[in-house]
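Labels run A, B, C, D and E following the written order; every chain starts at residue 1.
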Amino acid sequence: MTTAVLQERTHYLNNGYGLKSWLLTKDHKRIAVLYFITISIFFALGGVFASLIRLELVTPAGDLVSSETYNKLFTMHGVIMVFFFLIPSVPATMGNFFLPMMIGARDLAFPKINLLSWYLLIAGGGFAIFAMMAGGVDTGWTFYTPYSTTYSNTYVIATALGIFIAGFSSILTGLNFIVTVHRMRAPGMTWFKMPLFVWANYATGVIQVLGTPVIAVTLVLVFCERVFHIGIFDPALGGDPVLFQHLFWFYSHPAVYIMVLPAMGVISELVSTFSRKPIFGYPFVAFSSVAIAVIGFLVWGHHLFVSGQSLYAGLVFSFLSYFVAIPSAIKVFNWTATLYKGSISYATPMLYAFGFIGLFTIGGLTGLFVAALGIDVHVTDTYFVIAHFHYVMVGGTVMAYLGGVHYWWPKMTGRMYPEGWAKLSALFIFVGFNLTFFPQFILGYLGMPRRYHAYPPEFQVLHVASTAGATVLAVGYILPAIYLAWSLRYGPVAGSNPWGATGLEWATPSPPPTHNFDRIPVVTHEAYDYTAVPQEVEVV
Amino acid sequence: MAENKETRHTQPDLSKPEMRHEHADVNVWAIGKLAIALILVTIASVFLMFGVFRFLEVRENALQPPPSPVVSLDSRKQPPEPRLLQNEPENLQEMRAAEDQLLNSYGWADGEHKAVRIPIDRAMDLLLQRGLPSRLQPTTKSAKGPSK
Amino acid sequence: MQLPLFPEQASTISTEVDHLLYFLVAVSVFFTLLIFLAIFYFAIKYRRRSENEIPEHVHTGLTLEIVWTVIPFGLTMIMFTWGASIFFKESRPPDDSMQIYVVGKQWMWKLQHMEGQREINELHIPVGRPVRLTMTSEDVIHSFFVPAFRTKQDVVPGRYTTTWFEATKPGKYHLFCAEYCGTNHSGMIGWVYAMEPQDYQQWLSGAPKGTLSQAGAKLFEDLACSNCHKPDGSGRCPSLVGVFGSTVKLAGGGTVKADEAYIRESILSPAAKVVSGYEPLMPTFQGQVTEEGVVDLIAYIKTLAEKPAEQPSQPGIAASAASTATNR
Amino acid sequence: MSSEAHAHAEETLALREQFDTAEQQKDASTLGMWIFLITEIMFFGGMFAAYTIYRSAYPTVFAVASSSLNVTIGAINTCVLLLSSFTMVMAVRAGQMGKRNMIIIFLILTLIFGCIFLGVKAYEWNEKYVEHHMPGQAAFHLEGTPLQGPAKIFFSLYFAMTGLHALHMVVGVGILLTLIVQTRAKKFSAEYFTPIDISGLYWHFVDVIWIFLFPLLYLIDRHLPK
Amino acid sequence: MTEHIDSVKTYALVLIALLGLTVATTLVAFVDLGNFSVVVALAIAVTKMLLVALFFMHVRYSTRLTKLVIFGGLMWLAILLLLTLTDFLTRGWMGVPGK
């Protein structure tokens, strides 16, 4: 299969050239590629801020940057990573590309709205970048009032507007996914024959639709208060800053499940394909995605335990926070059980899946620490919480994201990634990650507060270890950027089903044609039935 | 999640457009029941917390030192004199201030406004000038200047 | 090269928090090892031998699913109850605790002892005695955090929040501000000195300026509270004698316990809760009195209690001392 | 869908290529609009939550501040909006029957009622501006009195909620105009009138929001003497 | 798809009911029902919402999925309000300022 043959066949990549064919495309696959480029840039930007933070924290005294700059660094790092990288990461790239193909549809329900979602993310990102260039924002990614409304004199409004617009991108993506799954499945593709990746993205869509509007209106109220001093959150006029925290976290906890659920969907695919076995307890794993999405809306008060919230509410939210942990436990155990008596291959995506299950378990279990009222009083707003959420977000979602990128790379680009380099970078990432964030658990329990530009000298050794880990991690992330770009030109040509996977997306040539399927597939087999793996599609 | 009853043996006739996508949707009735169950569990846990709150409160109150009898009095009244000093340094400091005030100020020394109180320094100067009403031995002249 | 790995245990609650931590660490290590070892074992035992090998079907039963739902649920309920009981203990100061007022202000802590000592970024407390902090902020949200005591409580502008601890070990412990509050958030730190009781008394009797309640009395005059609030309750304003700690009947029904938060609210936004039988005549003193001023006023109002039936005043200095002590 | 009707409707049917049948497309659009309306419920829900908290915290102040709003105008405005809902549903009914000129008549009527509502709203806001009830204004009418803080919160909630509602009305008016233009361009038929149908849903939803705003903002404890 | 088409009479009746309820809620507000008046106002508003939704928004004939979506939306609004109130209504139960 020489590269020449590849050029002739028209597929979604060479079906039209030039800027206009990309910027006005309605093809869900092209929009996915646009998203992929956008969020990689935001990830790099957020990563640069993270590296500067880690460099600053090498010394106890705040001597690399001024405290104003440091405050802007971690704020921009948090805002860009959460709103412009992690929330769109899996749903907007792999979700957009593969959800329609997995259920046998030609495209999403509303392609024009799908393109609008991308433009909204770009517009929102534009505002955030403008705010950053013009002087940055220093309120933390949580924008707590009254600091964000009255005392901060940085570009709060521009950043809030950026997040407001990007929020609608997330809402419309969620809406698109929900309608597509309900109305556009191929004949025979009942709900229980759908791949678990589709279940996870469906549940994520539900959260995006129900949660994001609340932060949108909260940002509008912050905007009004900052411009008109109207007092909804201003204590001097009788407003209550804790009300802002309630409205902010009503969205922001479900938002963390927006970030992790699609990643869990990817892991279900990887674990099944690379152990060549149907997922153990398919209905339980499918249901736990929806359960996490729903119960995720009942627990936001666990971010307010010491914020002045009443003790009674603390009891209620701590109790419900433990409810939300059970579906995650069910998922982890079912993934591990799938490996039993499987035929396990060590391809890079599977290494990332192993990494995800291990690190998500550690991250999730530390979530149980901070959900316990007695412990959270001591560790809230310390590096313990930083370690908890980096374990589940960076050790979890980013690892699953990279696993998914490598898994579907041959299908998206028609090229295979270099296996050797991929395994090396996975190792760098796993080692670098643990060296960066495990010391932060110890720092946190010692009492090192978060968002500190200077700290007492006795914490220095752990900070230096964490920064050393961050450099290894940075190398780990830069490697894929290089060899994946390299593989576009020089990578070996991939077949239509290099992994022998069962999804409908593998029943199309790599890269797939614009209309996905010549004939609408009829689904007769159960999900993950490895006796009926779609055979190599002969390239015409 | 029961999907539509008849299992699909025959191949759908793809020529007709309606047959080109799956119609079996989610069993809304089952989800409705789940939603109701979720609401009940949430409300139940909110009230369960009421029980936990009461239980912890009773347990905690038991550990508290018994309140001193004085406190049980109606807080509007204070026990009769003499009372324990609650804040010794404060009381000591106030007593000294009161004494200084008495010693260094002008004022009526008695109710009938006959005798006057004058600051101690002033009194000492006057005493020096007037000399002490010494007993009859004229010989011991006061060491200091002439008596007035 | 210092490398502490575990914080000091310097308060009664710290040992209890650490015991819960050990339990959680044990559960986490167990499940982490369980998952990691299972992955490694399965990955090696069932590694792919040949490319087209299809593993036989494994029957997925319901029992296993129930087992790994019920066990984690049981564990979480233990974690919740244990955590909740510690939290309850941490939130309820003993009745006999020593009162300290804390005012957080952008990038410094102002602490006031009842005896009048005012400290900046430093707090001297006796060991073995529960200390209760009533805190508020003059600008943004701060958070009073002493890692060695395992206690933390946000300090919210516009209302009071409370925390308490009882030091068990004399020493010098870090005080941090844990809620982001702007440019110098990392500079808003200080020290808590836990001292033996005798050292504390010695420190206490250093050079107290006017006590809190004295400053409050002066303010009560300056702000003309006195010409509305007469001790005998004449005129159209309620007497404040003995109001602190009593339950006040409100206009429009309902009662409220007159604690520090109620008194503060009556001063800064009187319209919020109006005493039954009175008109909301009282102007707001928002902006005319600082947080410290409110704290002084509260300290003064606490001392207002009905004078017992007037005893024959003993003559001489003692009388004046006794009388001055009571006629504030 | 009988087959011959299906063939006839083919050319007027703007069937997007990713859908197989018109019914599937209509279901998808309706479901999509309803999910969008749910996001609107949560959008306004945030403000309703703030309203609930502050009303329970400052009941008397909210009653006093609410009494400064003009009830009669509010009631009339509510009736205007209900009328516009009626004409909107009549337009949708006309769409179902494919009667083009009836659609246009009722759309125009809905447009008129919508503009009346916005006009009355503008008048009310201006009156508030004149009476210094705007929280942003320096000479806020209750300045200095103890009620000043919470009253500002009531009025900021009042302006935020009615403002965003008015903004949704303006968007609705824009949609109505496009619909009128499209109907005149013969885009719709008895088989394909989905844009009118889902615009109707949007319009009725905005009306329902006002149905809750009116009592919650205007009618707080009106029985109390001023 | 020949969806059921309502008669003008039904719509007119619903309109009259809505207008009537609006007048009713305005008048009721001037009657002192204590804190019961909020309940009445909300009850009237909910009935008006149901009228508009069932008749004007054709929820009566729409798919069960649409009804579930509406029910879900209202339930989430209830979650936001209820769980926020578990904080604000229980402040001060510990008798300690701030808890």
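We take it that a contact is a pair of C-beta atoms (placed from the backbone, for glycine too) under 8 Å apart; a residue touches a chain by one contact, two chains touch by 3 or more.
Here the structure is a predicted model, which is why all the values come from computation and not from measurement.
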Which contact partners do subunit B and subunit E have in common?
A, C, D
From the centre of subunit A, which other chain's Cα mean sits the farthest off?
B
Chain closest to the middle [Cα centroid of all protein chains]:
A
Highest C-beta pair count, chain pair
A-C
What is the chain whose Cα centroid lies farthest from the Cα centroid of subunit C?
D
Subunit B to subunit C: how many Å between their CA centres?
10
For subunit A versus subunit D, what separation do you get between their C-alpha means, in angstrom?
35
Subunit D and subunit E have mean C-alpha positions lying a whole-number Å distance apart equal to 15
List the centre-to-centre spacing of subunit C and subunit D in whole Å, with centres computed as mean CA coordinates.
46
Counting only residues that touch at least 2 other chains, which ones in subunit A make the list?
105, 182-184, 210, 214, 236, 238-240, 242-243, 246, 250, 298, 308, 311-312, 315-316, 319
Pull out every residue in subunit D that's touching 2 or more other chains.
1, 23-24, 27, 31, 35, 38, 42, 45-46, 49, 53, 57-58, 148-150
Touching two or more other chains - residues of subunit C:
84-85, 88, 91-92, 153, 156, 159, 161, 269, 272, 286
Report the topology of the inter-chain touch graph, choosing from line, ring, star, complete and other.
complete
Touching subunit D in the complex, subunit E uses residues 1, 3, 5-6, 8, 11-12, 14-15, 18-19, 22-23, 25-26, 29-33, 37, 41-42, 44-45, 48-49, 52-53, 55-58, 62-63, 65-66, 69-70, 72-74, 76-77, 80-81, 84-85, 88-89
Per the contact definition, I'd like the list of subunit C residues that touch subunit D in the complex.
252, 269-272, 274, 280, 282-284, 286
Can you tell me which positions in subunit C touch subunit A when the two form their complex?
1-7, 16-17, 20-21, 24, 27-28, 31-32, 35-36, 38-39, 42-43, 46-49, 51-58, 60, 64-65, 68-69, 72-73, 76-77, 79-80, 82-88, 90-91, 106, 139-141, 143, 145, 147-148, 150-154, 156-159, 161, 174, 176-187, 189, 269, 272, 286
Spell out the residues on subunit E that touch subunit A in their complex, using ranges where they run on.
65, 72-73, 76, 79-80, 83-84, 86-88, 90-94, 98-99
Using the touch rule from the top, collect the residues of subunit D that touch subunit A in their complex.
16-19, 24, 27-28, 31-32, 35-36, 38-40, 42-47, 49-50, 53-54, 57-58, 135-136, 148-150, 152-153, 155-157, 159-160, 164
